[in-house]
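A, B, C and D are the chain letters, set down in written order, and residue numbers restart from 1 in every chain.
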Amino acid sequence: MAEIVSLAEGVAELVNDGDTVALEGFTHLIPFAAGHEIVRQRRRDLELVRMTPDVIYDQLIGMGCARRLVFSWGGNPGVGSLHRFRDAVERGWPAPLEIEEHSHAGMANRYVAGASGLPFAVLRGYTGTDLPRHTDTIKPITCPFTGEVLTAVPALNPDVAIVHAQRADRAGNVQMWGITGVQKEAVLAARRSLVTVEEIVDTLEPMPTQVVLPTWAVSAVALAPGGSHPSYAQGYSVRDNDFYQAWDAISRDRDSFTAWMHKHVLDARRNA
Amino acid sequence: MAEIVSLAEGVAELVNDGDTVALEGFTHLIPFAAGHEIVRQRRRDLELVRMTPDVIYDQLIGMGCARRLVFSWGGNPGVGSLHRFRDAVERGWPAPLEIEEHSHAGMANRYVAGASGLPFAVLRGYTGTDLPRHTDTIKPITCPFTGEVLTAVPALNPDVAIVHAQRADRAGNVQMWGITGVQKEAVLAARRSLVTVEEIVDTLEPMPTQVVLPTWAVSAVALAPGGSHPSYAQGYSVRDNDFYQAWDAISRDRDSFTAWMHKHVLDARRNA
Amino acid sequence: MSAEWSADEMMTVAAARQLRDGTACFVGIGLPSTAANLARATHAPRLVLIYESGCLGAKPDRLPLSIGDGILADTADAVVSVPEVFNYWLQPGNIDVGFLGGAQLDRYGNINTTAIGGDYGDPKVRLPGAGGAPEIAASCREVIVIMRQSPRSFVERVDFVTSFGYGTGSGDRERLGLRGAGPQVVITDLGVLRPDPATQELVLTELHPGATVEQASAATGWPLRVADDLRTGEPPTGSELSVLRALKAATGGSRSVAGA
Amino acid sequence: MSAEWSADEMMTVAAARQLRDGTACFVGIGLPSTAANLARATHAPRLVLIYESGCLGAKPDRLPLSIGDGILADTADAVVSVPEVFNYWLQPGNIDVGFLGGAQLDRYGNINTTAIGGDYGDPKVRLPGAGGAPEIAASCREVIVIMRQSPRSFVERVDFVTSFGYGTGSGDRERLGLRGAGPQVVITDLGVLRPDPATQELVLTELHPGATVEQASAATGWPLRVADDLRTGEPPTGSELSVLRALKAATGGSRSVAGA
């Protein structure tokens, strides 16, 4: 059964230095508040996993929390580059960043395999691309019935998955709706999970397109209203598009990035 | 885009003698009306696929429509045996029935592979059981990363999938809710598909737990109110439990079965 | 046997008592569903019932008529597809207890629900088949079996292994890489059997009130071993009986078990 | 170029015109999304827009701000998980058209969105990476590429093959077992390129009004072949332009394209 905790407690209990950590949320419901708490608690040597390492991972990478990144698309969506990610890959600042690079289809299937208790997944993927030359977690596999050769990728089983959802009830059952991406798979694939929510309510009114994670499949739930800002939580907030635009300038320079993170993350506590 | 047709037209156009046909619906939304139309149109030599060949396949088998059955559980749910299925397997009446037998997990994954355009699926299944000794569509497969041996089953790609749903709109978009079993996978895995519905409406009001099949993923939609009787359509009807009980006596005897099918299926048209 | 309760009621109550509150239980229809719902309505209100139709955390107030009764979807915490219930919930070992019935059980807890007599291609009795049972037996952390005991059903060796128990004895599950612990308890209409920790052979460890070792031995198709510390179980309490009967009455009459 | 419309507008209009009504189109954010939404708002009202965030049949009345804009979920026929959109919808070949952009394109239609210069481990410019593109390029029945043309972007050979076009030429897709037909048309700010049926080399088949062969050749990093029947496209109609501008205005200002 999920424990209801504060965000600070949740991160302190569930995220350790050196862990493999997946913060998921596909443009919607990105767990920014939890990411900021990881920065505040100064976690180090994390292996960060995420299909779309966007601004939230730019922040974690720039603050030196990560030693490794497993991903399929690293950009500022609708804007351009992630300057902190690029600085780490191109110039090793603030620390070298090892990368393991996949496609979306590959990453999604790696989570599916992890959630399914299987060591690998099979897909039609990567064919003809240069990715298998650089990523050793892409291998051929032969169909035992037809002899056709397909692609195998290993399961992802993070130490911790962190996602943001609209609501939980007091028993810790979690409800999200709208675009729910790969969050169910990430939580089920992980050894431990933390879900931040906009609201804790008495009963979860059913919603079309909902995904429900029963309390017994979640480690901890923390209240974090607005916790997906600058992304959005459908029914609660809209995307702060100006922030994504502004991030380009903030993050382009090491000093302005560091100053911003101190002011807005390290020296501040979000409204959680 | 799905064509809106009558049930008779849909079966005539989409189901041919010798086809591999999957009627799906997991205790809920079982497409009985479509099954009866197949009987009325006297289709022969069908390879019938279904996780739970219950009363509907008992009827098709007893009427001599099938040469082969691919399945994982063949019983009258909550009641007992399928007497026509047993008579075909044990005594070859009205025709010998070849069987290919799996577990639910195996069948479900075979549909998933079919829907995914993959030739096979991988699962932890069948281990230690006698099923692989008799079913040659169960094979070992080795994980290329860990060396662990798992089980592979080949994709199911029926010629036709037939399912029953609550509603479609006039464009042919299909909506079902409640227990939706493996119907999405069956429709997507099949070359052609026929969906019978309780109602055709102007707009599909979103429902929690809904599965929507867009019109361009469906071949044809036919109005068949009550078309899942004696199973049920959540929001429209309840399970006719007495019928399932009564079927035990009706089907136990070849003559009483045949008489019942003539009276209630061959000489009758459902309200479609 | 007391006239106040039937052997089936005693069996159901004994099975329900095995279910601990707060655990997640994968429930088959028939006796397992009755026992699991009884447990939830008595000592285990937070028991999580999982049905293979895709209903997670169903909370029916009557016995479901089938594994896919609408009341399961209406009361579930989540309704998922059938592939998902097997792949994301059962397969990774997320379910604590699997609750199975069967037509034949052997001394090592293997279960047959496929075919009896003759051979597979030409059986004497064709049973429904596997359903979800092989993977429930393999992947749940432990398995509880509930089955009426008779020399025809409790056999030396099942005619067909539909669901793997302990194979031919100790070590077989480990050799095959099965993750769950296998059938930890078998509840019958006469008593309770558990695997010997050393050999994994099923041993009579408990008799229901009124039942005797002689009856149990006579109803077992192998030379039944009896535990040194054989105990007699508690009879159904008044509350257990009244809840059980109310569940059945709400369903509109008792249902027979699926099977041959 | 006319002063009445920009080269980017011409490119977007030309791309939109490629989309046939009633087809299903897998849409990337940026220029592809703009063009696909323009098509749906003009000649192709039944165009099915599929976004990798899991929105099938989205019908936004403004340009989405991201691939997972709430307006896509709100207006979609169905919202599915990300694994499902790739496995059930893209992978089996259910999508007619894949619509891709990129940072580098080569003469055989291969696309690079991964890294430029240096080597993979120590690149000069690190780009966002693959996203959904490799499998879109492989599995859609055909691919449309939309990219501004320059000697830096249209190169002899991409530094990294993120999305496979025709490899090193004719026969490569078939040898690899790819099911989709590959990039059938490339729309740039100067004109349109299509693969030569025999060699699969991209050939200039159409110029936008006001653009010249010399401009196109100068903006191409390989010796550009020009089709014998080179034609000049139609300028944007007043209606196309006004709808395009209204879509952008509704979004709150035009957006730049994702990428380096």
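Convention: a residue touches a chain if its C-beta (ideal position, glycine included) is under 8 Å from a C-beta of that chain, and two chains touch if they have at least 3 such contacts.
The chain list, named the UniProt way, goes like this: A, B = 3-oxoadipate--succinyl-CoA transferase subunit A; C, D = 3-oxoadipate--succinyl-CoA transferase subunit B.
Keep in mind the model is a prediction, meaning the values are calculated, not measured.
Chain pairs A-C and A-D differ in how many C-beta pairs they share in contact, with the greater number at A-D. The distance from the centre of chain B to the centre of chain D, each centre being the mean of the chain's C-alpha atoms, comes to 40 Å. Each chain gets one centre point, the mean of its Cα atoms, and the points for chain B and chain C are 28 Å apart. The set of chain D residues that touch two or more partner chains comprises 87, 91, 139.
Taken residue by residue, chain A touches two or more other chains at 117-118, 123-124, 148, 184-185, 209, 211, whereas all remaining positions touch fewer.
If the chains shown are joined wherever they touch, the resulting network has some other arrangement, not a path, ring, star or complete graph. Interfaces, counted as pairs of touching chains, are A-B, A-C, A-D, B-C, B-D.
Across the interface of their complex, chain A is touched by residues 22, 24, 48, 56-57, 77-78, 87-88, 91-94, 139 of chain C.
Within the complex, the chain A residues that touch chain B are 117-124, 137, 139-141, 143-146, 148, 150, 152, 154, 206-210. Chain B makes touch with chain C in their complex at residues 26-28, 51-52, 71-82, 85-86, 89-90, 101-105, 108-109, 111-112, 123-131, 133-134, 148-149, 178-182, 184-185, 209, 211, 232, 234, 238-239, 241. The touching residues of chain C, counted against chain B in their complex, run 29-30, 52-55, 65-70, 72-74, 79, 81-83, 86-87, 90-91, 114, 120-135, 138-139, 160-164, 167, 172-173, 176-179, 252, 255-256, 258-260. Only residues 1, 112, 115-118, 173, 184-185, 188, 211-214, 216-217 of chain B touch chain D when the two sit together in their complex.
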